[in-house]
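So, here come the structures, one by one.
Heads up, the next two complexes both have chain A, just with different partners, chain B and then chain C.
What follows is the complex of A and B.
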């Protein structure tokens, strides 16, 4: 195993990132080695435990080999790493207190592998897996907001609010226990597919009720973190996988899609996010920007299914969102806040002219004027542009008919380029501060 | 053909049809040019990749299967992504294709000319080829970096390596037979033979290269 770890360094990785990961894996292998040397007569159970630990390190070594720059969007990966390091560390934490966030490209979907909190490791390793085939699709990467919710369920920095305030609010109504969940499934308004499952003798388990609570919480976590961009990515990724009549509840660890859609729609309304930030009174082409926003918000938070799909009552949901917002308040600037309308208009205008959505201007003395644009605002602009592109592109198509409409891939790549450029802008602004 | 001076570059930038972004410092706009920074991707010829460059292969693969068509293009270069503050060593006689950090939009009545900044040229860094950027261009600019010096050069993404000057172009700049408009996000292998070259190249079946 140690040899495999050393060979992993043949590959090309991002700077510094592989060192911490390598060191932690090396420590774990050494600790297993010491334990084996110290053991005199091991029981078969102890042997099995050591083998499992060794296999776990082996899987981490393999993941080290699969982390190759160029197979995922590193500007976005850097943003995820930054968010995870801030979320899951004490404010003062550096070195051993800070989790090691490792990024890989995988074949299937979005995922985060986290260490088992019951294992006593020197450093916590979180492996963030991007789908290789969606390398540049940064708008869809907003779905990582959900995945970041899972480590939050077992992090000291976030568990207090989650288990002290949020989960008790979710342990109500249909999600109170298996009896209440089954009663809800039998309700008159329930879809026939759900009633049919109950008719077949389906019995929800305690684990399933717990898992559904956690998954819904992670959806809300993602929404508060990434804003409407998360809800749009959530719908674009999940809805096509679900036929309208699909209510697969038997053995499902995740609630059926429509329940999640209803929750996000309710949450966006409660957060007052359904109204565009670009005011109707703004002049100079504001209508197209406002309409684009409205189209995005209608997609992200609209078309909600009927009230049977509401698993969390409105008052409880409001309290949950307040608790989540409070959780992020200790980390200023990390969660989504609504963009400034003028900045948003500039981002949309740049996309309409096939340019990366950053803010760039010249002051009266011809000095460049740059702005810090949070990743959430870049993604919000990208999504809004996509849903309102016809009207936004019209002036440019009149002036430059040789530049046809952007496709979804190009919009994503422009946003990815903006995230990259924004890192340079932030570095320069940071140095000047 | 006249070259735009600083005031005219700024005037066109304010108008919006000429764009080079991001501009990080005021002195990035010079007397008659705009400095360009190295971006975050590097393409280098791979040691075990392609045996040689031959335009006849392009002709041969023009009607070939996807695998044959793509294989040479994908195997020729090693592609590296370099986050900021990551060094990249350019050895003597090596050639590297890198994008600019800046996104460049050139209006129909202008064209761009890219050269190395003199400070880097004195160290042996050459940006020798493909210096002309056509009117209507949208995207990063590919820099073909060659080290003509005797010792390796360590480069970092974000360094100002090149500069672009803009000149007025008279007449209509539309190209009627041009294919679909595309945005350029990063360097790619160039197409070394076009349909118009094919009659002058060996027949498809007679060449095994």
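What follows is the complex of A and C.
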């Protein structure tokens, strides 16, 4: 294993963080070596225990080799790393410690692997996997908001509020227990497919009720963290995978998509996010910007299914959102807040002219004018542009017919480039402060 | 199902046994370097998560459809987190029969922190409590026979 770890160093990885990942793996291998040296007359069970521990380190070493630059969006990966380091720093026996966030490109989906708490480590390793085939689709990467909810279940900053306040609020109504869930499945308003599943003898399990609570919690976590961009990515990724009549309640660890859509729609309304931030005026292209926002918000939070799909009551949901907001308030600047309308208009205008959505320029005295644009606002602008592109691009297409309309991939690439440029802007602003 | 899954690779009881036995050994015989830190830290974190959630969040492992390139990461569904929770409950009761569970956890965490940051030097009373806890945890996690 130690040789495999050393050989893994031949590959091209991102700067800085590979070394700490390597060091931590080396520590874990050494720890197993010490244990084997000290152990005498091991039983076969103890041999098996140590082999499992070694296999666990082996999976991390294998992932080191999948972290080549160029196979994932590293500006977005930097943003995820920044969020994870702030959210998931833990009190360890030696004091506060931030996790090692290791980014890899995988073949299929979005995922975060987290160390289990009964393992031995100096520093927690979190492996963030991007789907290789969507490497530049930063607008879709907003779905990582959901994945970040899972390690929150094991992190000091978050687990107190989650288990002390939020989960008790989710143990109500249909999600109270299997009896209530089954009663809800049999309700008069339930879709015929759900009733049919119950008729075939389907019995929800305690694990399923628990899993649904956690998955819905992660959806809300992602929404509060990334804002409407998360809800748009959620719909664009998940809705095409689910036929309208498909409820799939029998095999799911995740609630059927339409239940999740209803939850996000309710939450966006409660958070007062369904109204565009750009005011309804007709000056300076505001109308097109407002219409683009409205189209995004209608996509992200609209078309909600009927009330049978509501698994969490409005009052409880309001309290859950308040608890999540309070949790993020402890880490200022991390969660989504509504963008400034003037800055949003500038971001949309730059996208209309095929430029990355950042704010940079010169004032009348030739002094640089730069703005800190949070990643959530960049993504919000990208999504709004996509849904309102016809009106937003019209002036440019008139002036420059040689520059054709942007496709979805190109909008993503511009937003990805903006994240990269924003890092430089933030560094300049940080140095000047 | 991959062949290694037959070996119950994802059974948390195995790694918890390794953790408890290593921590106990280092508590009994403090090393001259800091090689004991990962095991002290492991027990410390396990108790933190247990205290906050009774391992409820840990019990749930989100499923995901993976491609063949990720076959070695496929989790085994039988993780036995419930057994680990029961073992922790019993071990804490054994370590602090006259105290509340929260107090016992605080005492053990203090001793682990002390051991991790001071080359193994731990208050003798706290060490005794922690040793009883780790011994009981090992016993509870080891199937009879």
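Just so it is clear, the second predicted complex is superposed on the first by the 424 of 433 C-alpha atoms of A that agree within 3 Å, B and C clash if a C-alpha of one lies under 4 Å from a C-alpha of the other, contacts with A are read in each partner's own complex, and residues count from 1 in each chain.
Here is the rule we go by: contacts are C-beta pairs under 8 Å (C-beta built on N, C-alpha and C of every residue); 3 or more make two chains touch, one makes a residue touch a chain.
Keep in mind it's a predicted model, so treat the numbers as computed, not measured.
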Of the partners chain B and chain C, which touch A:370 in the superposed model: first, second, both, neither? first
If we overlay the two complexes on their shared chain A, which of chain B and chain C does A:404 touch? Say first, second, both or neither. first
State whether A:121 touches chain B only (first), chain C only (second), both chains, or neither.
second
First (chain B), second (chain C), both or neither touched by A:425:
first
First (chain B), second (chain C), both or neither touched by A:210
second
Classify the contacts of A:3 with the two partner chains as first (chain B alone), second (chain C alone), both, or neither.
neither
Inquiry  = After the superposition on A, what does A:52 contact: first (chain B), second (chain C), both or neither?
reply    = second
Message = One more residue to check, A:272. First (chain B), second (chain C), both or neither?
response = neither
Across chain A, the partner (chain B or chain C) reaching more residues is C
The residues of chain A that touch chain B in their complex are 12, 14-15, 69-70, 74, 78, 353-356, 358, 360, 362, 365-368, 370, 400, 402-404, 410, 413-414, 417, 420-421, 423-425, 427-428
Touching chain C in the complex, chain A uses residues 27-28, 30-31, 34-35, 38, 45-46, 48-50, 52-53, 55-56, 59, 62, 90-95, 106-109, 111, 113, 116-122, 124, 150, 153-154, 156, 159-160, 162-164, 167, 207, 210-211, 214-215, 218, 253-254
As the complex stands, chain C meets chain A at residues 4, 7, 9, 11-12, 14-19, 21-22, 25, 35, 37-46, 48-50, 52-53, 56-60, 62-70, 72-73, 84, 109, 112-113, 115-117, 142
As the complex stands, chain B meets chain A at residues 10, 13-14, 16, 19, 21-26, 28-29, 37, 39-40, 79-86, 101, 103, 105, 108, 136, 138, 140, 158, 174, 180-181, 183, 185
